[in-house]
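Got some structures for you, see below.
Common to both upcoming complexes is subunit A, partnered first by subunit B, then by subunit C.
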Partner chain A sequence: MAFEAEVLEGAIIYSNLLVLLSIGLTITYITTAVPNFAQGSFAVFGSYIALTMLRLFGIHPYYSIPIALIFGGLLGVAVYLFILKPLIDREAEIVILMIATLALDLILLGFLGAYSDYLGGITKKAAKKFIFTPYDFNIGNISAIFIVSIIVIAIILASLFLLLYKTKFGVALRASMENPALAEIMGVNVEYTRIFSWFLSGSLATVAGCLLPFRQEIVPLTGSIIIVSIFAASIVGGLASIYGALIGGYIVGISESLVTYQLSTILGSGVLVYSKVVSLIVLVVMLILAPQGLTGVKWRKIKWLKSILS
Partner chain B sequence: MAQEYLILDIVIWFGLYLIVCISLNVEYGFGGIPNFGRALAVLIGAITVGGIVNRILMATFGVSGGIVEASGLVKSVTNEIIAANPAIGIGILVASLLLAALLGAITGALFILPSAKLSEDYLAITLLAISEVMFMVSYYNTDMIGGYYGVSVPNVLAFVPGEQRLSIFALIILLIAFLAYLLVDRVTNSPYGRLLRAIRENEMVAEAYGKNVMVVRIKTVAFGSAIAALAGALYAYYSVNVIASSFSRVEWTFYPFLMILLGGLANNKGVIAGVLAFVTVKVLLMVYKFEITAALHLPFEAVWLEYIMFGILMLIILIYKPEGLIKEKPIMTDPIKRLVDKIKKAK
Partner chain C sequence: MLQTKRLNAGYKELHILFDVDATINSKGITAVVGPNGSGKSTFLKAIFGLATVHSGKVEYNGEDITKVPPHNRTKMGIAYLPQVDNVFSNLTVEENLKIAGYTLEKTELKDRIDLALDVFPELQNFMKRKAGTLSGGERQFLAIATALVRKSEFLMLDEPTAQLSPKFAEHVFDKIVELRDKLKLTILLVEQNVQRALEISDNAYLLVSGRVAFDGKANELLEHEKFEKLCMGIQD
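Now for the complex of A and B:
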């Protein structure tokens, strides 16, 4: 299988962004036990922040990343405090929490759609459908988005690692992820860790959203399409493991891009719209073979693997 | 005249949504299966009419070519035949409904297979993902049901004068909704319905009593999807065309969840109340959207306002009134009735 460098580059950019989204989804799933169906719309929220900065103030999307990060974090915290916390306090079932995030997704879609009409009206430029590729440039032979997305993911992973493993807060955070009741007895404020996880999840999603328009066209409804890939990535990784989300993000992102590209060379470019079918197939195969995800598989207990290794 | 149309619109949407909501109530309200892919079954109903019945008619009349153009031709030929012979129109409608229910049941059972054993969150995610992807494929693939071009569908009431078509169609939809309601009401009041509630409350206990939870789930989703597919087929014949974009997650998954939560879960009468309340508001919003946009000086389309409003309504229900308008009642089997009588006498 030979891929053009461009295709591989695109696959890696997309996977980097997907990893940001699936790590965010996984973190809130671990702390609050609810899969956030609005994660895709969180990303589109980020895209619209970048678009606003670009159209109204002429700020390049790369410089909007810190702003998006803060707004996304605040959105995440608001969602937790005003929507999920009241429900968790009432001991609502997990399905009710999921429906609440579906409702949130719809509300966000409504706001993003309304805002896109409004922004389009005042700037007289299309805001319902936009793409940032004309604003990208090349550094040497490589597109800037490739380098930026790698730098962003490297910084985020490094700081996440430092935070979780090298600080006292990180220890408390991991403790309350593993066993909230026990952590609470030891004096950890589980509430803080939940709020923090939603801040993190929201900010990771909006940062990904800031960069996503360099890869694909954004419409207000993009969130409900990309959510399939995010879920596939998180489930492949096991839904409850941050490492899993990392591995899953790359597996789903790369296979989605490369398998669809490979198919398009055989069947023609018409199949490119079916990239999400690939994600879905990966998801379903994973659920049948190992519903606990890659990190849930007890690799050492698989006999044939053992015989190969020894 | 305008008022008459308004009422007919409400009746038609009430019937369509009632069918979908009672099917969802069996699955989620009674069985506790969070089917976040309800829209898929409705889409299957529409595909039955737009993709399969259309192709059968194409083969019958020897029309060839792409489905988008051919469906238009088939439509005019079929309409003429139906206008002369009403029985054929009714026959096509009934046959399509049966076929839609059959295909709905098969797809429902197939698509829950990978996740039937899993916990609720995995189940919901998988069903939503499958439904979203199917929606996208049928929208972008123009060979199946015409994709973004859509396909035409014969007017099964071509023998009825134009001005009466809408009222008669409203009656047909209401009739089928009523039949579906009776069926679901009977099923949910049977031992099977009680088994569903038992599984919802505690899977382990049901399994300990020798019930196979996975098989019950598959059967339930097949049953629910068969009913929901009826709504898709009816909607296709009502609007005399099929376009994939009308079968979005918002319209056919989220709104049905909103209606059954509004009315009260596991409670078929509650569903009627929820659907009626929701549909009235929605139709009024649809009809007066330009007036609303103008009156409020909205710098955007009214549909976004609709999304925000119904999203917030859902959150309000979940947080402040989780039991809905009408609460779920205990099941009055004979032994329980006797027990209640005893307690009353003792007092």
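Now for the complex of A and C:
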């Protein structure tokens, strides 16, 4: 089967954004054992920051990325310090933390709904449902969002790599992820690394959210739908490694976009609403083949792979 | 000097240590011996703030540190080498040594790492390898080396010679004596090799079922008429 360039382009844009979201989800899961069901709404929060900047100050969404990054980081830190940490300090189990993030998701949803009414009221333009494609432009034959999403993901991955491997704090962060008690013994304030990971996760989500409206229509509820793909990507990656989230994000993102597209050419555009089912199928197949996720697979032990490698 | 006063500690509700009074004198080696499961490791964890303290106090140089978070105890000059999980498997040997000196200045860190590598020159061959790929003995060397990198006055070692062949264990015992004599460190040593531990120690505590069953000079315990019996109780 051959895909039009446009479809492939869309799939890559979507996957780049999904990777940002699944890396964020994975990082906070590793450091604080919180499965954050509000990660999708964090992204929509970013979309609304971009919309606000656009409507109130005429700032193009691409320029809103740094602002979204900071606000998203602060949202992540606030959520951790005021909602999750008090529960963790009381030794809440993972189910309780999960329910807390689900409740948080509902609160964010309510807030975004109310805010979109407010924003729509003062700007006299619909804010309950919006898309940024009219604001995008072409660079040569390629849409700007394709290039921007690639630049953004490249910068973020490179900075993340430099941070984790080349700085003292990054090594401390990796040490705390592996064995927090031992990191404490070495004099690392592990709590700082947890707070930082929530900042990082929140900011990655809102950056993704800033760009997502170039790809799809945003409504306050979008986060609750996209969370399915985020979790699928992280779980495919094994939930325990940043690399896993990266690879999982691309596997889920690309298959979701291409499979749905392929089905829609056969069955009509009605199947588009079922795109998340594709993510879930990828997830289920993955869990059957490799219950520990991609990073749990002992690749060198797989015979056919060994014969290729040697 | 480090003191525990009527220390009752354990894990959450679980009560492991009962009314432990101990005084660890400066610039000497104090051995903690006792049967498996008697609470030796828990004792060190309680001193470092990694076990739950139900009542009683831990004082360091006269200051009550019972509620100080562990990373700040590191800054106060207390170092602790855990019995298990004492290196980061996913980090390289070099990164392990660097993180061990997390609280140090850059130049100082380099000096400390050089010092640790002087003591364990064999580690120089593995600097870029992940610690998880080292043999049990090599990993233990790395663990002790990380304890040396942390600049400390008070060093707690939980079974540093576990997993080492007799020859290397002897090497480590020599190093521990050297740390006391040359660097004037205060050392709290938990050991299964009771005989050797007591020979190099100044003072000793015997823990049985979470209570202090003997405290005094190490050679007294060594010559104690019940020592053989204690050892039998200890070693099986």
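The rule is short, and it goes like this: the second predicted complex is superposed on the first by the 302 of 310 C-alpha atoms of A that agree within 3 Å, B and C clash if a C-alpha of one lies under 4 Å from a C-alpha of the other, contacts with A are read in each partner's own complex, and residues count from 1 in each chain.
Keep in mind that, in the parts below, a residue touches a chain if its C-beta (ideal position, glycine included) is under 8 Å from a C-beta of that chain, and two chains touch if they have at least 3 such contacts.
Here the structure is a predicted model, which is why all the values come from computation and not from measurement.
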Three-chain arrangement built on subunit A, subunit B and subunit C clash or fit: fit
Partner chain(s) touched by A:I266 [first = subunit B, second = subunit C, both, neither]: neither
Partner chain(s) touched by A:A5 [first = subunit B, second = subunit C, both, neither]: neither
First, second, both or neither for A:L109, with subunit B first and subunit C second: first
Where the C-alpha centre of subunit A sits as vertex, the angle toward subunit B and subunit C in the overlay (nearest 10 degrees): 100
Touched partner set for A:E178, first subunit B, second subunit C, both or neither: second
Which superposed partner A:V188 touches (first subunit B, second subunit C, both, neither): second
Winner by number of subunit A residues touched, once subunit B and subunit C are compared: B
Touched partner set for A:K168, first subunit B, second subunit C, both or neither: second
Subunit B versus subunit C - smallest C-alpha distance in the overlay, whole Å: 16
Shared subunit A contacts, counted only where both subunit B and subunit C touch the same residue: none
Sites on subunit C touched by subunit A in the complex: 48, 50, 69-71, 74-75, 80, 82, 85-91, 95, 98-100, 102-103, 146, 150
Parts of subunit A lying in touch with subunit B, wherever the complex brings them together: 34-35, 37, 83, 86-87, 90, 92-96, 98-100, 102-107, 109-111, 113-118, 121, 224-225, 227-228, 231-232, 235, 239, 273-274, 276-277, 279-280, 283-284, 287-288, 291
Touching residues (chain side subunit B, partner subunit A) in the complex: 28, 32, 34, 36, 114-115, 117-118, 120-122, 124-126, 128-130, 132-133, 136-137, 140, 249-250, 254, 257, 261, 298-301, 303-312, 314-315, 318-319, 322
Subunit C-facing residues of subunit A, complex: 168, 171-172, 174-175, 178-179, 181-190
